[in-house]
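Letters A, B, C and D name the chains as they come in the text, with residue numbers starting at 1 for each one.
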Amino acid sequence: MTLRVGIVGISGFGGGEALRLVAGHPSFELVYAAGEGSAGSLLVDRFPGVPARLAGLVIEKWDPAKLPQLDLLFASLPTGRSAEALARIPKAVKIVDIGGDHRYAEGWAYGLADVWPDRIAGHARIANPGCFPAAVLTTLAPLLANRLIEPGNIIIDAKTGISGAGRGGADSRFGFAESNENLQPYGLLQHVHMPEMAKTIERLSGGSAAGLVFTPHLVPMTRGVLVTIYCRGSATTEQCLDTARRFYAGRAFVRVTDRPPQTKWATGSNLSFVSYAADPERKLVIAMGVVDNLGKGAAGQAVQNANLICGLPETAGLDGLPVWP
Amino acid sequence: MTLRVGIVGISGFGGGEALRLVAGHPSFELVYAAGEGSAGSLLVDRFPGVPARLAGLVIEKWDPAKLPQLDLLFASLPTGRSAEALARIPKAVKIVDIGGDHRYAEGWAYGLADVWPDRIAGHARIANPGCFPAAVLTTLAPLLANRLIEPGNIIIDAKTGISGAGRGGADSRFGFAESNENLQPYGLLQHVHMPEMAKTIERLSGGSAAGLVFTPHLVPMTRGVLVTIYCRGSATTEQCLDTARRFYAGRAFVRVTDRPPQTKWATGSNLSFVSYAADPERKLVIAMGVVDNLGKGAAGQAVQNANLICGLPETAGLDGLPVWP
Amino acid sequence: MTLRVGIVGISGFGGGEALRLVAGHPSFELVYAAGEGSAGSLLVDRFPGVPARLAGLVIEKWDPAKLPQLDLLFASLPTGRSAEALARIPKAVKIVDIGGDHRYAEGWAYGLADVWPDRIAGHARIANPGCFPAAVLTTLAPLLANRLIEPGNIIIDAKTGISGAGRGGADSRFGFAESNENLQPYGLLQHVHMPEMAKTIERLSGGSAAGLVFTPHLVPMTRGVLVTIYCRGSATTEQCLDTARRFYAGRAFVRVTDRPPQTKWATGSNLSFVSYAADPERKLVIAMGVVDNLGKGAAGQAVQNANLICGLPETAGLDGLPVWP
Amino acid sequence: MTLRVGIVGISGFGGGEALRLVAGHPSFELVYAAGEGSAGSLLVDRFPGVPARLAGLVIEKWDPAKLPQLDLLFASLPTGRSAEALARIPKAVKIVDIGGDHRYAEGWAYGLADVWPDRIAGHARIANPGCFPAAVLTTLAPLLANRLIEPGNIIIDAKTGISGAGRGGADSRFGFAESNENLQPYGLLQHVHMPEMAKTIERLSGGSAAGLVFTPHLVPMTRGVLVTIYCRGSATTEQCLDTARRFYAGRAFVRVTDRPPQTKWATGSNLSFVSYAADPERKLVIAMGVVDNLGKGAAGQAVQNANLICGLPETAGLDGLPVWP
């Protein structure tokens, strides 16, 4: 069975990664690509490495009323731009929204695929987690579900590569000369990803109120998210690691490691790496998580969600090893 | 049919990329890995992203007398270290030598896979081209074979990412702080890759003597080779491009582009990009070629050669799109 | 008045930066340079940009018994290597030890120059703060001295460029290919800089016990330290900023900024940037500090300390603007 | 004597570097700064490291009719924007134009300061060389003046850091994620710097026609230019080096080195490094030159020119060592 797949927002980094994964997927055929910046171009002009069978596809101007017949649509639109447009897509077309507009919206399942695959499988509308929430929630889920940390007292020091923030032409903060050799905190005490993290933490901890401090930083690298999370709890390092190993036993994409994880371990893959270091005397648990912001943090998890809702093997098209070095 | 595959030199960058490609190959099963720096470790300790089925493989100390039963061996040893050792491997084990010791050695076919696949298919011993030669020869082959440039007058200005030169612990020239924000020419008028380039150019041009100037540069990036080659010839830009398009018609991995190619187009893939800009009045042809030094420049071409000698589809395990950005 | 100055440890990054600052200092004349890796070389062979007057200086093998007549010595030796050697230097030679062996050692003043210049001025033996402590302590001093935060509950998430960790030839973790595009936590719950931070925090807070969590990270950039510090306290953002502005009023090298500071603001300079963001309802103060790890974090502060103990203007040789971009 | 100095174009990289050098110059006082992107801001808001005496300067909207009394103006405006505007500045104000509009324009001296300081000294209007020409011409001048190479047959393979091309907000080619780990040729056979190079080469070679091939490349680093130049000539390596050493004897800013120069040797300085490697049998001379594109390639040479026309020591404000690493 081959599914007819579309991607909207292909000019952005998330859409571009979706293209790479869709093109390599054994059950997907890309039949539609749309993007504002690149409408009218051939796919090969934007992505010189696409195979011959895709090279001549014309990137369309995005218009939800003019879709070809599709089984599945990946949407990767800027925040605020997808809610209205996607409402007009027929129900028969399954949608995974990589953008932020439908997270915890009515009728949309929150696609935290490694944590609750069963809550995703039956749905036709999936809101894909943001890149920071993907890292934070995968890392904290085992501890929260097993009440090893207090949900009301969580400090998240988050670091992302620059592709997690935006494209170069948009803002000189993202320019090479301006941001190379530069480490920048931003959006203190007000980041857009806070609500989805708080809601999910409350859900994972059985309803307890989440209390979060979240400080994102821009790191001079292209890809990668690392979150260093300071929690209150009395567990030992080994207890945390064991709990996580049990929680993710049999799951394909989460690796629990003794060593602190590094962003390059995940580059180009759908993997998450989590680790923990605790000091029970001080009631401190440091939880660390790594994802590729365009992999598990965007298009990788989107394909995983698509696999779940399309009845495909969860790992289809996602088994590539990370690219190193 | 699944082939039993080994990799020796897995601690190096070329060996690590071979691991990634072998693990993702539909007809290969990795059953043996050896490496000096990492002997005794589990594969997962060196490559935290390997799948569960490979995680527990123990990296062996390299000893050609103690191989398990293998169909195919990828060797990625330092120069000077593979000639004697590989001579002791039984003939039934096919070998692709990613290292430099067997290029134009007796009994070894030179594996310039995109240019002469037919000269490779029947062999059991393949010497894989170096990273610079892979880029240079793929770029020049159409011009040389069609006598559009003079083989005796070729100036190659070559640029490589630092993984093409060596690992960080070996030499402070490869340290991050020393080499970031630094562009370094090296090995002027004496580079180790000269002989294989000269011999192949002579072969491609029907025996005319090659005259090469070759200047390599270390660029502060991890992966990627770009060669900018200044040749004498009267062809126009369009003639060069058309000649290359005909030469590579139907070949899977070489892309002839109107625009000058960029290294990032190839990252993580086995693709080569070639382009040309000519000024017939000045009898000048500028030929440009891009490869990933660890892809087409090492492990990618090695897997392509293995596919050819094992009777597999040439693109098996090599159809992943480049990683961008 | 020109002082005769020596540098030992000139092969390292800290020693190299000391050279740059000493060469540009109006009252210093470099008459002696020693270094293990480079002994026997001319200074110009290691530092091709030195002016003609210094080019021919021969780098000596370090031997404390064979010093020329010196007024001032900068020592930048690996940890564990300076205690014994420096004990043999005559008292008439003033010493600023950039290395770690004398911090809070008897007979050595801890040179936190921007915070307590008066405790430095009369001494002949100065232990220069480490790069992380320089950033942390400068950032926290105003809050601690004014009791705006609790010294017993401080979480420091610290990020450093790779020159803060070591040279490339020493360790493949510091190699370009291994560490570019990689963000790595390290040394969890056990970093060598903890004692000097704890002692100074206790001193700054009038004797209250310090309780610190310290998590360093290696960032893929050459220079720069950013510390993001999570503290308990009821002050508002404005109260913190005002307190810091008053604390550092008239001081040349500390800039209190409304915006979160970025590492590139300090590159190549002796400046510190500090800022604060508070949420009094949650009793949270986020304190942020930026230094160049080789400037204020090493050689810059060392020259500032030397100025203080030699009776020179504090800013002599240190008034260069940061290098941007 | 302190000169009243202005800078127009302070929002750009060249203007920013001019600010750094002017602020550190013993005979300059910055009294005027103008820039389009930043008009209305305080200087400290754009350059957080400026000293207290400059922090409160308001960046003006550029209007040549509304200048304060100035002795000297540095202009760093986009191409096409300075010709008309600067024509309206009174003759008493000396001008160094870092932009491209006045190179070889009537009434403007071409400020190749290391090569012909005597042709600059008497003028009040200096056109500063472009960054590529600064590197190319400094490298070739000794060979051309001594007829060691043929001016009609010069191939220049030029590499620049991204600050040499433009700011991040302007073009996604300059974005971090797009250009990191990417090496890009651009502007083949048509670069804007060709005429000033050709004219100067003809002048240096006594009127012989220049024949140039020029291929620029964007390198993923912030600063630095390296030119690798392939020339025809029969000299030996030693003859080239000796000729250059004699040509630049006593000059402060050009270093002739045996080893191939690296861009990081010049970072943050006004230095040029030149070297040569020849193969007389093949009548080949490879000439290599390194500058910081914002130093000798822009603001550094501009200050050097200003020193020459203002009767100041040529090295005033320019004696800082390069920043390494």
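As a convention for this text, a residue touches a chain if its C-beta (ideal position, glycine included) is under 8 Å from a C-beta of that chain, and two chains touch if they have at least 3 such contacts.
Protein names from UniProt, one per chain: A, B, C, D = N-acetyl-gamma-glutamyl-phosphate reductase.
For clarity, every value in this text was computed on a predicted model and none was experimentally measured.
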Comparison of B-D and B-C (more C-beta pairs in contact): B-D
Most distant chain from subunit B by Cα centroid: C
Rounded Å distance, subunit C centre to subunit D centre (Cα mean): 33
Intercentroid distance (Cα basis), subunit D paired with subunit B, Å: 38
Distance between chain centroids, defined by C-alpha means - subunit B, subunit C (Å): 45
Multi-partner residues of subunit B (each touching 2 or more other chains): 13, 161, 163, 177-178, 180-181, 220-223, 261, 267, 325
Interface residues, subunit B side, partner subunit C - complex: 13, 161-163, 167-181, 220-222
Interface residues, subunit B side, partner subunit D - complex: 155, 157, 159, 161, 177-178, 180-186, 188-189, 211, 213, 215, 217, 219-224, 226, 228, 230, 260-264, 267, 277, 279, 282, 284, 286, 288, 325
Subunit A-facing residues of subunit B, complex: 13, 16, 19-20, 23-24, 47-51, 163, 180-181, 222-223, 252, 255, 257, 261, 265-269, 271, 273, 319-325
